[in-house]
Every structure is written in C-alpha cells, then in structure tokens.
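In the two complexes below, subunit A is the common chain; its partner is subunit B in one and subunit C in the other.
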Partner chain A sequence: MNFELFVIPFNIGLYFIIFYVVYRSVVWFLDLSRQDKLRLQRGFFGRAFWQSIKEIFSESLLHRKIWKTNARLGYMHTSLAFGWFLLIIFGTIEADLFGTSHLNPPYKAIFFKYFHPEPARSGIEVAYAFLMDLILAYILSGLFLAVLKRFSSKSVGMKKTTKLLTLDKVALTSLWLVFPSRLLAESFTSGAYGSGSFLTGSLGNALASFLPAEQLAYPFWWLYSLSLGTFFILLPLTRYMHIPIELFLIFARNSGIKTGDQKGSYTDIQIYSCSSCGICIDACQLSFSAGINNIQTAYLLKGIRENIDVTDIVPNCLMCGRCEAKCPVGIEIMPIRMIQRRENIYLPSERKLLKRYFPDRKKSPAPKPPVPPSYSWIPEGRSEKAKVIYFAGCMSHLTPTIKKSMLSIFEAAGVDYTFVDEEGGVCCGRPLMLSGQTKKARELISYNSKLFYETGADMLVTSCPICYKVFKESYKLGIDIMHHTQYIKKLINDDALKLNFMHKTVSYHSPCDLGRGSGVYDEPKYVLSYVARLQETEFEDENSLCCGGSLANTKIDNPTRALIAKDAARELTKNRPDYLVTACPLCKKTFGAVTETDVVDISELVAQVIVVPQAKRLMSNSPIMRKKKVTVKNNC
Partner chain B sequence: MSDFGYVLLKNRHIDYEANDKRIAEYIYAREPSFGYCMECGCCAGTCTSGNFTHLSLREINILIKRGETSTIKEQIDKCMLCGKCTLVCPRGVNTRNIIILAGEAIQKLEANEL
Partner chain C sequence: MNKEVIVIGAGAAGMESAGQLANEGFSVKIFEKDESPGGHLKGWYHLFPNRRDSVEVMDYLLDVIDRKEIELLTNTTVTKVSKKDGKFVVTTTQNKEYNADAIIVTTGFDLFRSERKEEYGYGIYDNVITSAELEKMFRNGNLRCTDGRIPQKVGFIHCVGSRDEKVGNFYCSKLCCVSAVKQAIEIREHVPESNVFCFYMDIRMGGSGYEELYRESQQKYGVNYIRGKVSEVAENYEGKLVLKVEDTLVGKPLKMEFDMLVLMVGMEMSESGKELAVNSGLLTGENRFFAPADHHFGSNKGNVDGIFYAGACTATMNLTETLAHARSAVDDVVDYFRRKK
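On to the complex of A and B.
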C-alpha cells in the first residue's frame, strides 16, 4: 500500500505552503536594501548562521522567553511547537527505519500508521511506538491548555488573550483538529490491528470493543489530512504565518539588520512574524491600569497586515517599551510604531483573495512637497565657551529644584560648564518626532546642534531622559552625551564629588526613555546606593513601569494618566521608602501628583549630601531641606 | 447703528454669523477636554515657543471656539509639542491633542473634507 486518496489535501497544503514561503522570502530578500542584502549574505556564511540555529531551537521551538514570563504559558507553546517538531522528525525517522523503503515522501511519515498498521515486531519497534505515543500525548496536553486559554486566559496565567479575526478562528480550529484527529485515526487503526502503544493502543482497544474500528479509522485519516491541508492553505492569511517567517526574522536579526526609520522589507518580515500571542497586551499598562485593550502591538501589527484602519491605535501608546522588552519574538516594536506614526494615513482598499496571498511589492512613497520652515522665527542662540554643556530640557524648567541641584553639583565639583537653556531653550525635538513630524523636529535638531557646537564643549549633560534619547539617536554631535545620573557617577568615580551617606531608604523608578529606551539602568542605581539605602522593587530594569505621563501618547486624557500613575506609584512604594526616586522631571511631576511619598530626582538627593561647604550653603534652598525645617518648627 | 452713547472697537466685534465653527466641532468631538478650558493662560505662560515669539494656546482656544480661524494655522505651526502646557494646565486639558487636532482640521478644511 503506497498511496491513498486522503493524502491529497495534505499534499496540496504542504507543497503550496513550501512554494509560498519560498516565494515570499525571495521577494522580501530582493526588496531589502543593498547593505542589508550583503549583511544577510555575510551572516549566512558566518557566525550569525550558527547563532540563528541556536536561537531557532531555543526560541521558536522551546520558547525560552515565554517560559520566563509564565511557566504554564511556556509549557503550552513548547508542547505545541517542540512537540510537533519532534513528531515530524521522529515520524520521518520511523518511516525510514520501519517502512518498506527509504527516503519516503513526507506523507508517508505523517500517515505512517495507516500504511503500516501491523503490530510491532521487535523490541525497538515497541520502544519507538511508545516514544511516538509519548510525543503525541505531550502535544495533546499543550493543546488542552490552548483550548482552556481561549475560554479562560487566567488558567494559563494570562490576564488577557488576543481577540481573533474570523479567518484566524478557522485556522485555529483546523490546527486544533490536527492532533485529536491523528489520535483517533491512529487509535482506530491500532484497535483494528491490535497494535499501538500506551496511548493509541489502549484507546484503540477501548474504542474497538464497542465500535467498528476498521471502518471508522478511514474517515478520521481523512479528517487528519483535511485539517492539515486547510491549516497550510490558510496559514498565509492568518497569524500562523509567524511559524515560517520567524525563521527568516531570526536570520536577518542575527545578521545585523535593523529596522531603522524607513518602512521596508525588514519591517514587513517583523509584522508577519507577530504570533498575536498576547504577551504585549499583558505587559501594557494601558491595559492593566486603564482598561484600554484594543491598541496593543498585537492589534497594531495585525491591522497593518490585514489593512485594517489603525490610525486610532498608532498615537494611543505611551511608547514605554514594556511590550518590546517582553515580546518573545523580539520584534522591534518602537521603531515600527515610529514609522507608522510618520505616515499615519489609512487608505482603504478592496482586497481580493489573490491580492491577499500575493500583495503588491511595496514601493517607496512619493516624496512630499517641500514645507516652508516652521521655526524660522527662533532668535539666534547665545552660547558661552565651556567644557561641559548643561541642557536642562523643557520639563526640568517645570521642576526648578532639579536645575538648582544640578548647578550646585557642577559648582561643588568645580566643573567648567555652561547652562545653555538657562533662559528657556528650544525643545529637543523628540515630542515632534513622537507625533510623526520628523521634518519639523529636524529644524529644532539643527538649531540645538549649532548652539551646542558653538560652545566648543566635549560633553553634553542633560537632566531629561526624553532629550537624552533624542540627543543620542538623532543628533550627530560627535561629543559625549550623558544623562545627569551618568555624569554624577563619573564625578564620583573621578573623586571630583565628595558625598555623604544619608540614612534613608529609597526606591528607584527607572524612566522609560532612560532605561528601556537608552539602556541606562546601572548608573542611577550605582549613584543611589552610594548615597542612600536602595530598596529593590518588583519592577526593576526592563520590567520597570511607566509613570503614565509619557509625551508619546496624545490621545489619553488626564484621568487615564492618573490611573496609570497611581497604580505604578503604589507598586513602587510598597516597601514604604522614604523617597521615591526617579531620574526624569516628567516622572517626578506625574508621580508627585498621585502619591504621599516624597518624589525626588537623583540629582536632588545627591545635592543634599555634598560635602563641600559652599555647596551646602547653596543647598539650603532645596525643597527637601526646607520641608524638614518647617516640620521641626511645627513640632515646636 | 443706533447710538448707545459708546462705540465698540472694530477688533472687539465677534460676528457669529460669519464665523466658522467647524474646527471647534471637529475638536470637541475627538477631545472633550477642549471644553474644560477656563482660559487662565497658564499654558501660554509656560510655553517654550511662547518664550521667543507670539504663541498663546489660550488665544488659539478662544479663537477656535469663536470660529475666527483665519489666523490660527500660523500660530499652531509654531508649537513644538513639548508638553509643558499639558503639565501646568489646572483643568487637565489635553492641550497637545488640541493642537494636533486643530492642525488636522485645518488640513481637512483646506481639502474640503470637513
């Protein structure tokens, strides 16, 4: 017996999907920029290849990152992905070892039991049948969790699960049918021939005792093949496209390709690699603090993929980066959102089925007509020559204590500095970039760059993480750029700043643009543990929270922001620290409005404990010191 | 005009018949906090751009609500979206969204889509 009609749906599906994935990959490869093509070629014949293989094994199959998020969820994903992989590999080996011929077509391995139903002849075959049953049982246990997750996401440790489109549901059903139909088909066949191991054998015997097993096996083999075929055919139109495309993504990423700031084929690959697993929804503070559940990245990427209107979703995001840090696929979500913000226009288009399978190749958009400059009225900036530039940033002008503290630190350390925006400077440009107005932002960037250049300084220190990020990423200054926390650490290490230790406990809130946005986690903590007792919170480093004040979101109103801020402040002050310390004027303002705990910036704490007498005199105006004095007075 | 014993200056006239409320309606529909503004002027006082040039969100708000929209495009273009006004607003008006929406509305007005 070598062929049966029921293998046709499976074969059609399999060869279609292989052809399709190869076709799309080739198109994507051709659409990459020249440099990226070279990177990919170099990566393919270099170390990146082996790194990718390792990553495919640990992430695409074992789902290590999801295990870290939640063990039950990890088990569910691993059992389906790794289990299915094992089933295919061991199935192929089984067909090769115990079948009638070698190098069989794929369907022989998938429907092996149908073509070789006879009981095991040797010990090895018995053991092998046991192994195959074990793998099937492993997958079915994961499938059980997956079904459970659809009805109650909490049962697998997720607060929310992604809402699916109709086609996703059809594909999901066919995927769910694959394994139970295989189980029943194998069981009936085993029941009829008295073969099979602990799972298919026992179930088959039980079923055969009251059902005509031989006749029933055939329709279930059909069902098995049909569900596989349907799944493969629908795969390109659904979220399951991530299964093949993620491999391409991993190769591309390990070869050093980055999203950049232009839409292109790598963005497309990432969009198709999203599995809509919903981990971004659980990570999003807009979801768990403010109850907004339709704007998360899974929906954004799905919207772009399916050409659904996402113009409301795009600006409604804090850009805190929590989802990006948790994304198990490693999609560069923030750059994609930024690109999307720049061209946030929805063009409805009628999508015929063929177009959905084979979309047009992306053409670069027509250049926009030149816009007259918007900020030509800004007067020429004055700049003094100095070694260090201090740029407080707009937000720091609303928290004057941060400015004062920084100035006293500069004085105490005897730094030759110039305060460029003392009289109120020009915005750094990041807020404009965040709302997609890159061109206007560029004007501000060139204005500020000129101002910085004229000082002749070799170091730029800023108090605002929002400015810090844009200085680092979009300004081409060619000088050292430091956030003030990094600079204070440098002063401490250079012995330029002598500090006392204050016997107070502090919790640190890592600002989004400084922490996840720019990767500065350690310096603030170093400075804090140098001057006070730093307490750990549940939300450290990559898992840190957003204060809710983010400039990136223009859509949510103040009460919603307050919900996020209150939740975050409550979590961070759980250990009842004396101070909730942050490194961002905006976070300080936002938290200050919602918590009883004193919220201070690191620079304010440091300025309080400077040993230099002159600095102490300057410090006497600090709000923290003043507050203390007032309390004493009241007690008297 | 009848003689009331005093005169109204020309620039104090508000001609409701001739005024265009479409921008105001566009913003109200998408950002209800537009209506919370009590015209205190904190936004204009703290404005980064306002430090260098004439830009007053308070004035923009009043003009949009009155429907005198001929001059606001020029003013809106001056905004740097830095967000200081949002932070100082005592009424919790989502000021940046008003600027963005007003810009959108003007664009749509020019394209006859409103």
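On to the complex of A and C.
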C-alpha cells in the first residue's frame, strides 16, 4: 500500500503553502531596500544565521518569552508548536526506519499508521510507538488549553483574548480538528490491528470493543487529511500565517534590519508575524485601567493585514511601549504605529479572495497633507554663548519648581550654561511627530537646532523626557544630549555637586519616553539612591507604567486619563513612600492630580539637599544668575 | 416636645439653622472642628455685591446662636453618624458619642488647594496669592508684596480649580467671578494708581446686583477684563510675575508682567465632609458634594431619613443661598418629626 485517495487534500494544502511562502518571501526580498538586501545576504553567511536558528528554536518552538510572561500560556504555545514539530520530525524518522522504503514523500510520515498498521515487531518499535503517542498526548494537552482559552481566557491566565474573524474561525476549527482526528484515526486503526501504544492502543481497543474499528478508521483518516489541507490553504488569510513568516522575521531582525520610518517589506513581515496571542492586550493600561479593549496592537496589526479601517485605532494609544516590551515575537510596534500615524488615511480596496492571497505590494501612500499655516510667523530666536544649553521644555514651564531646581543645581555646580527657553521657547516637535505631522515638526526642529548651534555649546540638558527623545532621535545636533537625571549623575561623579542624604523613602516612576522610549533606566535610580531611600515597586524598568498623561493619545478624554493615572499612582505608592518621584514634568502633573502622596521630580529632591554651593562658578551669561539669587522654596 | 437636633459645622449654614431650630423649640448641639464658629465667613473683609462688612453678618449669626437652647462644642470634629431605631448616634474624634433625634449636616466646603495648579506658581513665586489671602490682606489693611512694595499692577486669574477637567472639577464655583470683581474694585480703591486685569473664561454674574457691580467695576474703576485661560506664570529677574495668556477675543498671545497675581480659588467638598460621608454611608455626587435626594424638592434631604443637609456641603453656594438653604433645612426637620408622630 503506497497511495490512498485521502492523502490528496493534505498534499494539495502542503504544496500550496510551500509555494505560497516561497513566493511571498521572494516578493518581500525584492521589495527590500538595497542596504537591507545586503544585510540579509551578509546575515545568511554570517553569525546571524546561527543566531536565528537558535532564536527560532527558543522562541518559535519553545516560546521562551511567553513562558516568562505567563507559564500556562507558554505551555499552550509550546505544546502546539514544539509538539507538532517533534511529531513531524519523529514521524519522518519513523517512516524512514520502519517503513518499507526510504526517502518517502511527506504524506507517508503524516499518515504512517494507515500505511503500516501492523503491531510493533521489536522492542525498538514498541518504544517508538510509545514516543509517538507521548508526543500526540502532549499536543492534545496544549490543544485542550487552547480550546479552554477560546471560551474562557482566564483559564490560561489571560484577562483578555483576541476576537476572531470568520476565516480565522474556520482555520481555527480545522486546526483544532487536526489532532483529535489523528488521534481517532490512529486509534481506530490500532484497534483494528491490535497495535498502538498507551494512548492510541488503549483508546483503539476500547473503541474496537463496541464499534467496527476497521470501517470507522478510514473516514477519520479523510478528516485528518482534510483538516490539514484546509488549514494550509486558509493559512495565508489568517493569523496562523505567523507560523512560517516569523522564521523570516527572526532572520531579518538578526541580520540587522530595522523598521525605520517607511512602510515596506519589513513592516509587512512584522505585521504577518503577529500571532494575536493577546499579551499586548493584557499589558495595555487602556485595557486594564480604562476598559478600552479594541485598540491594542494585535487589533492594529490585524486591521492592517486585513485592510480594515484602523483610523480610529491608530491615534488611540499612549505610545508608552509596554506592549512592545512584552511582545514575544519582538515586533517593533512603536515605529509601525508611527508610520501608520503619518499615513492615517483609510483607502478601502476590493477584498476579492485572490487579492487577499496576492495583495498589491505595500507602498507608502501619500503622507497626510500638512495643516496650514506654517510656523513662519515665529520670530527669530536669540541665544547666548555657553558651554551647556539648558532647555526646560514647555511642560517644565508648567511645573516651575523643576525649572527652579535645575537652575539652583547649575548654580551650585558652577556650570557655564544658558537657559535657552527661559522666555518660553519653541516646542521640541515631538507632539507633532506623534500626531504624524512630521513636516511641521521639521520646521520646529530646524528652528531649535539653529538656536542650539549658535550657543556653541557641546552639551544639551533638558528636563523633559519628551523633548529628550526627539532631541536624540530627530535632531542632528552633533553634541551630547542629556536628560537632567543623567546630567545630575555626571555632576555627582565629577564631584561638582555635593549632596546630603535625606532620610525619606521614595519610589520611582520611570517615564515612558525616558525609560522604554530612550533606555534611560539606571541614571535616575542612581541619583535617587544617592539622596534618598529608594523603594522597589512592582513596576520597574521595562515593566514601568504610563502615568496616563501621554501626549500621544489624541482620542481619550481627561476622566479616562484619570482612571489610568489613579491606578498607576495607587500601585506606585503601595509601600507608602514619602515621595512618589518621577523624572518628567508631565508625569508629575498627571500624578499630582490623583494621589495624596507628594509627587516630585528628581531635580527637586536634589535641589533640596545641595550642601555648599561651590564658589568656583564662572560668571556665566545667564542674567537670572547675575541679578537674582535663585532660591527654591521647600514645597515638597 | 423636647427633641434634640445636632448640627455638624458652625459656619453660616450651621449657625443659621441652629437658630431656626431653637425657634422651633428644639434643643440643639453644634459641633465645630475649629476653635471658634463662623467658618469661611471669618476670612472675609467685605461681602459682594453690596460691599457690606462681613463683621455685620458675623455679629448677626453669633447673636442667633447665643441662647440657652443651643450648645456649641468647638474643637470637635464629627467622624461618623449612625442610625439606630430611629435615633442617631454622633461620634467625634475624641471618641465621644452623642445622641440625637435628627441631624443637620453643614460641613461646608474647602478652598481648592492652588498648589495643584503648579503652572500658576502658587507656593513657588512669592507674590502669587489666593483670593482668600487677599481678603485677609484687606481685613488687616496690609496690601503689600512680600518685599513691602505696594502692588501697582495686579492680575486676577479666574476659575482656579473650577470648570477644570484636569483637576477633576467640572462644576462652576459660582461666587469667584463676582468676588474677583469686588476685589478688583477694592484694589483700585486701596491703590488708586494701580492697574487691574481679570483673566476669565466666562464672566458669570448670576446673582442679584452682580451684573451692576461688574459694570461699575469697568465704568467707575477701570478694571480690565481679558478673556483667556492663563497658561503659565513665571518670575523674571526683577521679581515680577510674567503671565502668558491668549486674548481669545483678539486672537493674540499676550505676555504681561504683574506685581501680584490673585488666584480665584474654587470650592471643593470639605475633607471632613468626605470622611463623614464615607463613615456614615452618605451618598455623594460626581462633584463629590453630598448628593441631595431630589434636585427640586429635596435639596436638604439625602439618602438617610432624618439626616438633612444645608449650605455648601451639597453644592457651591453663596452666602445668600446658604442662609436660605439653612432655614429650609429646619422646615424639613419639623416635617420629619411631624411625620414620625
């Protein structure tokens, strides 16, 4: 027996999906920029290749990161992915070892039991049958969890799970049917021939005792093949496309390809690599504090994939980056959302079936038209020569204690600085960037850049993480850029600033744009531990919360923000610290409105404990220092 | 019928209702958390709109409660009221318990804490003060900047902590607009050469005689009104306050210097009232004030029969409304005992 009609659906499905994935990969490769193509080529012959193999094993099969976030969910994903992988590998070996011929076509391994139903002849074969049953049982246990998750997401420790489209449901059903139908087909065959191991053997015997096993086996082999075939054919239209595409993504990432700010192959690959696991939904504060459950990344990516209108989803995000930090696939979510913000126009297109299998090559549509008028009316700025530029930022002007504290720190450390936006400066441009108005933002960036350049300084210090991020990413200044927490640390290390220790407990809130956004986690904590007793919270570093005040969300209202802020403040003040400390004027303002605990910026604490203003201050050009002694009132 | 009624709070509402209760033949206890009665009225100089000296009203109220049926217990904060078998037990911070047949809650309001609007610089810059502090300056006859100068240019910022989503207060505090008008006039009277500017979102002159006062402030006293919400305040090297605002009628951003800025602080549910509400199961509304049983027919009643409200613990109110509300609460108390018979 070498062939049976029922293997045809499986074969069609398998060869279709192989052809399809190769085709899509080629299209994607061709659409990559020249540099990215080179990167990929270099990666293929270099370390990236082996790194990718390792990562594919640990992430695509073992799902290590999901295990870390949620062990039950991790077990579910691992058992399905790794179990299936083992079943294929060991099935192929089985067909090769114990079958009648070598180098069999794939269906021989998949339907091995049908073609070789005889009981095991040797000890090795008994052991092998046991192994195969074990693997099948492993997969079925994961499948059981998956079905459970669909009906009750809490059972696998998830608060929310993703909602499905019709085709997803068909594909999901066929996926669910694959393993139970295999179990039954193998069991009936085993029952008829008295073979099989602990699972298929016992179940087969039990079934054969009251059912015509031999006759019933055949339809189940058909069902098994049909469900596999259906699953493969529908794969490109569903989220299960992540299974083959993620391999491509891992390889591309390890080769050094980055999302950048243009739509292209790499964004497309990432969009298709999302498995809609729902971890981003659980990570999102809009979900767990404000009850908004339809705007998270899984839905955004699905919307883009399925060409659904996402214009309402795109701006409804705090851009805090919590989901990106937790995404087990490592999708660069923030840049993708930024690209989408720049182009936030929905172009409805035909959704014919063929178009969905073979979509047009993704090209960036024309960017949003800029909002008139331009900023040409802003008067020319003037700046003074100094070594260090201090840019408070507009939010720090709304929290003047921070501004005053920084000035007294500069004073005490004898820094030659100029307070460039003392009279109120021009916006750094990030709010415009975040709303997708890159062109407008560029006008502000060049205005400020000119101002900075004219000072001749080699260091720019800002009090605002929002400004800091855009200075770092979008300004080409060629000078050192520091957030004031980094600068204070430098002053401490340079012995320019002498500080007392205050016997107060503090907990630190890491601002999104400074922490996850710019990777500055350690300096603020260093400074804080230097001046006070720093308490740990449950939300440190990458897991830190968003205050809810984020400029990035243009959809939610103030009461909704307050919900997020209250939840976050409650978590951060659980251990009853004397101060809730942050390093961002916006976080300070947002938290200040919702908590009884005193909320202060790091600079305010530092300004309170300055020991002796050192007399080595050079007379700088700053008029505020020359004419008036700056004192900070102790209001915290 | 020697019924005992407890009044919680000896502000204007508490004193007036206590007097009326005594007129009706009840014996009354008033609990006051401060060391003397009078509440916020103690802090006022002249009252709007007729510029009567607040001492006159204060004397009237002190006179009202000065009778043998009324016992005033000062330095006593009520933390809880509980109802048992149609009677009430009032618990104070000293853990003493008092019995009563009915309660009138007159816990009033707290002023909005201006530190919460850090952008206005209260507590950071010396010459940013609140309207309540200005009133005290008038009373003490000491209208000066911290360095002793007499302020030549004074700005009033309306709606500080009122109609402000960001601090969680959606409501209008009603009396700050007319207070600003009154205080602006008084500044001009104290310092005739001064310039006074009011920065407002809307001017709300809803009471009798208010609009006339507003007109007078412009025609007779030359007070300037600029429509625009102040965005931020800074201090320059001369110690002057630099205020940024957009004049929304002209459509231009402005930057102005002032010697003194007055924040027209709004009203919020008092902290002691909040504590009382939580401990006693009294319902509060979205504005955090006590929730009246009915907007039209039950503004003195709440969710517990026998506990009545009077004055600014239910909504923002001026003195005229508060006194009327206090008297109507007593009507409800009388009605309550008649029903119970």
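Everything below uses one rule, namely that the second predicted complex is superposed on the first by the 601 of 636 C-alpha atoms of A that agree within 3 Å, B and C clash if a C-alpha of one lies under 4 Å from a C-alpha of the other, contacts with A are read in each partner's own complex, and residues count from 1 in each chain.
Here is the rule we use: a residue touches a chain if its C-beta (ideal position, glycine included) is under 8 Å from a C-beta of that chain, and two chains touch if they have at least 3 such contacts.
Just so it is clear, the model here is predicted, and its values are computed rather than measured.
In the superposition on chain A, no contact is made by A:317 with either subunit B or subunit C.
Of the two partner chains placed by the overlay, subunit B and subunit C both lie in contact with A:424.
In the superposition on chain A, contact of A:558 is made with both subunit B and subunit C.
When both complexes are overlaid on chain A, the residue A:432 reaches subunit B alone and has no touch with subunit C.
Subunit A is touched at more residues by one of its partners, and among subunit B and subunit C that partner is B. Look at A:400: by the touch rule set out above, it reaches subunit C but stays clear of subunit B. In the superposition on chain A, A:334 makes contact with neither subunit B nor subunit C.
Of the two partner chains placed around the shared chain by superposition, neither subunit B nor subunit C is touched by A:481. Of the two partner chains placed by the overlay, subunit B and subunit C both lie in contact with A:589. According to the touch criterion, the shared surface of subunit A, contacted by subunit B in one complex and subunit C in the other, consists of residues 397-398, 424, 557-559, 589. Of all residues in subunit B, those touching subunit A in their complex are 32-33, 46, 48, 51-53, 77-78, 80-84, 87-88, 92, 94, 96-97, 100.
On subunit A, the positions that touch subunit C within their shared complex are 397-401, 404, 424, 557-559, 562, 589, 592-594, 623-624, 627-628, 633, 635.
Within the complex, the subunit A residues that touch subunit B are 374-375, 377-379, 394-395, 397-398, 423-427, 429, 431-432, 434-435, 437, 440, 444, 549, 551, 554-559, 586, 589.
Interface residues of subunit C facing subunit A in the complex, by the touch rule stated above, are 115-116, 118-119, 121, 123-125, 165-168, 231-235, 237-239, 244, 255.
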